[in-house]
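Alright, structures below, take your time with them.
Look for chain A in each of the two complexes below; its partner is chain B in the first and chain C in the second.
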Partner chain A sequence: MEFLLNIIERTGAKTVGWWNASYGVLRFMTEVLSTVANPSAWNRATLDTIVKQIYFTAVQILHVYLIYVTAISWVIITITLSTARNVGLFDAATEMIIRVLLLELLPFLTALLIALRSGSAINTEVALMKVNNELDALSHCKVDPMQFEFLPRIAGGVASVIGLTVTGSVLTIILAYLSIYGLSVTGLSSFSATISSVFSFGVLLGLGLKCAFFGLAVTTLPMAAGLETPKKLFMVPVSVLRGMMRVFLALVLIEVLSLALKYI
Partner chain B sequence: MFKNLHLKVGLFVITVLVLALGFLVYVLHARGFFEQRQHLNLAAVSADGISPGMPLTFSGMPIGQVTSVTLSEAGGIVIKSEMSQDGAKWVRTDSTFTLDKPLVGGAKIKVSSPDLSSPRLPDNATSLLLVSDPTQEIPVLIERVKNILTNVEHITRKDGELNGTLANAKTITGRMSGKYGVLEGVLGSEENARPVVASLKNLESLTNRLNDVSAKVDAMLAKTDRWLFAEDGLSEQSKQSLALVRAMLTDAQGSLKRVDALLKNAVDISANVKDGTQDIGKLRAEIDDAVRKTNDLLGDINRMWPFSKDVDMKLP
Partner chain C sequence: MLAAALTNLPDEQAAVVSPDLPLRANLSARENIALIPLYQKHYDAAESSRQAQVLLDRLGFADIAEKRDPDMSPSERFVTKLARALILKRPKLVIERPGAMLYDIPYPGFIRELASRVDGSAGMWEILDFDWNHSLYD
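Take a look at the complex of A and B:
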C-alpha cells in the first residue's frame, strides 16, 4: 500500500515539476514576446548588443560553419547521387537532395551547432548571473535584464540561425548543381525546374518560420533553464544539462511538427 | 576592435540578405513569376496518379507543370497546367499528351510534337490526355499468362499429345538418319524411297536432253529467221514475185474480158449463120478451159499467199 502511495506521490511530484518548468518557460516566452512588441525596447543599446551577439554567434564561426556545411553536403550529395544512379532514379536525385539537405538537414544541423556553441554558453552565463545575484543587481539599477541581456541574445540567435542557414543553403545548392552537371550551364533549366517545383511559397515561408523557431528554441530555452537555477553554484551544471536537453527535445519537436505539417 | 566587429557583422548581414533575396528572386524566376505563362487544359477520364506539381516533359526535358486537378461539371477531369514561354514553343496544335506512369519513379505528362512546323498551341487551349499505365495492364497480362500456362500444362501432361508427337518425331528422325535421309522419313521406309530417287535421276537425264533439244531449236530458229527476213530472204523475194503475178493476172483478166466480148459477138454471128462451124465450138471449149485454168491458178495463188490482206507468217 505504502509502495503504491509512493509511486503516486513520485508521479505527482514529477508532473508538478514538469508543469512548473513548462510554466516558467512559457512565462519567459510571453515576457520575451511582450518585450519584442514594445518599440521602446529597440533602442541603440539593444541594437548594439544584438550586433555583438550576431558577431559572437554567427560571424565568429562562419568559416568553420562553411567548411562543415561543405563537407556534410558533399558527402550526402555524393551518396544520394550514386545511390540514385544505382537504382535508376537519377531524375529524382536533385529533388531528393534539395528536400533532404536544404529543407530538413541544414536548418536542423545549424540550430544544433548554435545550441551547442552559444546555447550552452548562454545557459551557463544566465545561471551564473542568477547564482551571483547579478540579475537582481541589474534590476536594482533599473537596467531591465530582459531588454539588455536576454532580448539581444534571442534576436541575435534567431538572426544567426536564419543567416547561417541561408548561407549554407546557397552553398549546398551550388555544390549540388556542380556535382550533378559539373561546370556547364546546360542543366540550369532542368535544375531550376526542380527548384521551382520544390520551393513553393508555402515551403519557403515554412522554412523561414522553422529557422526562426529553431533560433528561438536554442536561445530562450537555455535562458529559461538558467533563470530556474537555485542560488547554489553546484546547481549550474545541472541547469545547463536540463537546458540543453530541453533544447534538443524542442528542436526534434519543431522538426517533426514541420514535417508533419508538410507531408501529412 | 569595435569598428572591426561592426564591419564584420555588417558584411555578414548584407551577405545573408543578398543571398536570401537572390535566392528568392531565383525561385521566383524559376517559377516563372517574371514572364508570361502559357496555360494549357488537359481533359482526362481519371485523375489517378495526377497531382499538382507534376512535370510536363518534352523529349525528357521539363517544360511546365500541372497546377491543379479539378472535376468538371460533366464529371470529367480537367488538369490545368502552365508552361514558360520557352517551354510552350514545343507544344503545337498536333501535339499529343500522354500520362506516363513508370513502375518506378514519378509520373509525368509527356508532350510529343510530331511536326514542329505546325502552328503553336494558343493560350488556354484544351487537349486530351492519353494514359499509358503499365500497372493497369499487369492484371490482364497475368490472366493471359495464366491461360498460357494452363495450356502448356495440358499439352505436357504425361499422356498428352506432346508426348505422342515427340515419340512420332523420334521415329521419323530415326528414319531420316537412314540411306535416303528425309525422303525415307517422309515415305516411311527405304523401299518406298528408292523409286523416288531413281525417278529423280531419270528426271535429271531427261532435263539434260531437253536442254540439248532446246539449244538445237534455238539454232534452227535463228537460221529460219535469217532465211526469212534477211535483205535477200524468202520473204522479200516472194513479195516481189507476187507483185509480178498480180500484174500478170490483171493482164489476163483484161484479155479474158476482151475474149468474152469477142465470143459474144461470135455467138451472135454464129446464131446468125446458124449452126456455124465446128471449129468455133471447139475454140469455145478450149477458151473455156483456159479461163478455168487461169481461175484455178488465181485461186491457188490466193490460198497459198494471202498477201493482199494478211501479212501474218506461220512459222514451223
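Take a look at the complex of A and C:
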C-alpha cells in the first residue's frame, strides 16, 4: 500500500512540476509577445542592444560556422552524389541535396550551434541575474528587464538563426554546384531551374517560419528556465541543465512537426 | 524590520541604495548609471553616458567609470549605486544598511562627504541602519 502511495505521490509531484514549468514558459512567452507588440519597446536603445546581440550571437562565430557548414555540406554532398550515381539517380541528386541539406539539416544544425553557444550562456546569465537580485534592481530603477535584457536577446537570436541559415545555404548551393558541374557554367540553367522548383513560396515561408521558431526556442526557453531558478547559487547548474534539455526537445519537436507537415 | 520599512516606500518616491539591489555585473559603472537616462528618459547613448560621467566626476570617482562590479572596491561599488540612485531624481534617497556595503571604511563620514559633493540635487537622504550603529553617527 505504501509503495502504491509513493508512486502516486511521485507521479503527482512530477505532474505538478511539469505543469508549473509549462505555465512559467507560457507566461513568459505571453509577456514577450505583449512587449513585441508594444511600439514603445522598440526605441533606439533596444535596437542598439539587438545589434550588439546579433554581433555576439552570429557575427562572432561566422568564421567557425562557415568552416563547420563547409565540412558538413561537402561530406553530405559527396555521399549523396556518389550514392545517386551508384543507384542511377544522378539527375535527382541536386534536388536531394537541397531537400536534405538546405531545408532540414542546416537550419537544425544552426539552431543547435546557437543553442549550445548562446542559449546556454543566456540561461546561465539570467539564472545568475535572478539569484543575485539584479532583475529586482533593474525593476527598482524602472528599467524593464524584458525590454533591456530579454527582448534584444530574443530578437538577436531569431535574426541570427535566420541570417546564419541563409549564409550557410548560399555556401552549400555554391558547393553543390561545384561538386556537380565543377567550374563550368554549362549547368547553371538546369541547376537554377531545380533550385527554383524546390523553393516555391510555400517552402520558403515554411523554412522562414521554422528558422524563426528555432530562434525563439533557443532564446526564450533558456530565459524562462533562468527565471524559474530559486534564489540559491547551487541551483544555477540545475537551471541550465533543465533549460538546455527543453531547448533540445523543442528543436526536435519543431523539426518533426515541419517534416510531418511537408511529407505526411 | 528594515526590509519592512523599505517595502512600504513606493518606487516613485524613493531611490534605494541597498546591498540587495546590486549593479548589473556585466556593465561598467558608467553603463550602470547611464541605463536610467537611456531607458527611462529616452536620451541617446552618448548623452546618457555623458550624464553618468558628470555624476561620477561630481562624486569624485571619475576614474571608476570603466570598472565592472567584480573589479570595484566596496566604496567604489557604493558610489556607483549611489550615482545610479541619484540619477533617478526621486524625492527621497534611502541608504539601507550602509555598513553592509561600506565595510572597509568609516562610512558615516564617507557618506557625509559624498552628500556634500552633490548638495542641492539629491532630495532628502535617509539612512536605515541598525540601532547598535547609532553611535557611529554622533
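Here is the rule we go by: the second predicted complex is superposed on the first by the 264 of 264 C-alpha atoms of A that agree within 3 Å, B and C clash if a C-alpha of one lies under 4 Å from a C-alpha of the other, contacts with A are read in each partner's own complex, and residues count from 1 in each chain.
Following the convention adopted for this analysis, a contact is a pair of C-beta atoms (placed from the backbone, for glycine too) under 8 Å apart; a residue touches a chain by one contact, two chains touch by 3 or more.
Small disclaimer: the values here were computed from a predicted structure and weren't measured.
K.L.:
Once the two structures are overlaid on chain A, check if chain B and chain C clash or fit side by side.
P.N.:
In the arrangement built by aligning on chain A, the partners chain C and chain B fit side by side.
K.L.:
With the two complexes superposed on chain A, say which partner A:L116 touches: chain B (first), chain C (second), both, or neither.
P.N.:
It touches nothing on chain B or chain C.
K.L.:
Taking the superposition as given, does A:A41 touch the first partner, chain B, the second, chain C, both, or neither?
P.N.:
Neither partner.
K.L.:
Students often get this wrong, so check: with C-alpha centres, what angle lies at chain A between chain B and chain C, to the nearest 10 degrees?
P.N.:
Spelled out: centre of chain A as vertex, angle of 160 degrees.
K.L.:
Considering only the touch criterion stated at the top, classify A:V166 as touching first (chain B), second (chain C), both, or neither.
P.N.:
Touch partner of A:V166: chain B, not chain C.
K.L.:
Between chain B (first) and chain C (second), which does A:V59 come into contact with in this model arrangement: first, second, both, or neither?
P.N.:
first
K.L.:
Using the superposition described at the top, determine whether chain B or chain C touches more residues of chain A.
P.N.:
B
K.L.:
On the combined arrangement from the superposition, state the nearest Cα-Cα distance between chain B and chain C in Å.
P.N.:
Between chain B and chain C, the shortest C-alpha distance works out to 11 Å.
K.L.:
Determine where on chain A the residues touched by chain B overlap those touched by chain C, and list them.
P.N.:
Comparing the two interfaces on chain A, one with chain B and one with chain C, no residues are shared.
K.L.:
Can you list the residues on chain B that touch chain A in the complex?
P.N.:
Interface residues on chain B, with respect to chain A: 5-6, 8-9, 11-13, 15-16, 19-20, 22-24, 26-27, 29-32, 53, 55, 61-62, 65, 86, 104-106.
K.L.:
For the complex, give me every residue of chain A touching chain C.
P.N.:
43-45, 48, 125, 128-129, 132-134, 136-144, 147-148
K.L.:
Applying the document's contact rule, which stretches of chain C touch chain A when the two form their complex?
P.N.:
Within the complex, chain C contacts chain A at residues 11, 16, 20-26, 35-36, 38-40, 42, 44-45, 84, 88.
K.L.:
Would you pull the chain A residues touching chain B in the complex into a rising list?
P.N.:
Touch residues, chain A against chain B: 51-52, 54-55, 58-59, 62, 87-89, 91-92, 159, 162-163, 166-167, 169-170, 173, 189-190, 192-197, 199-200, 204.
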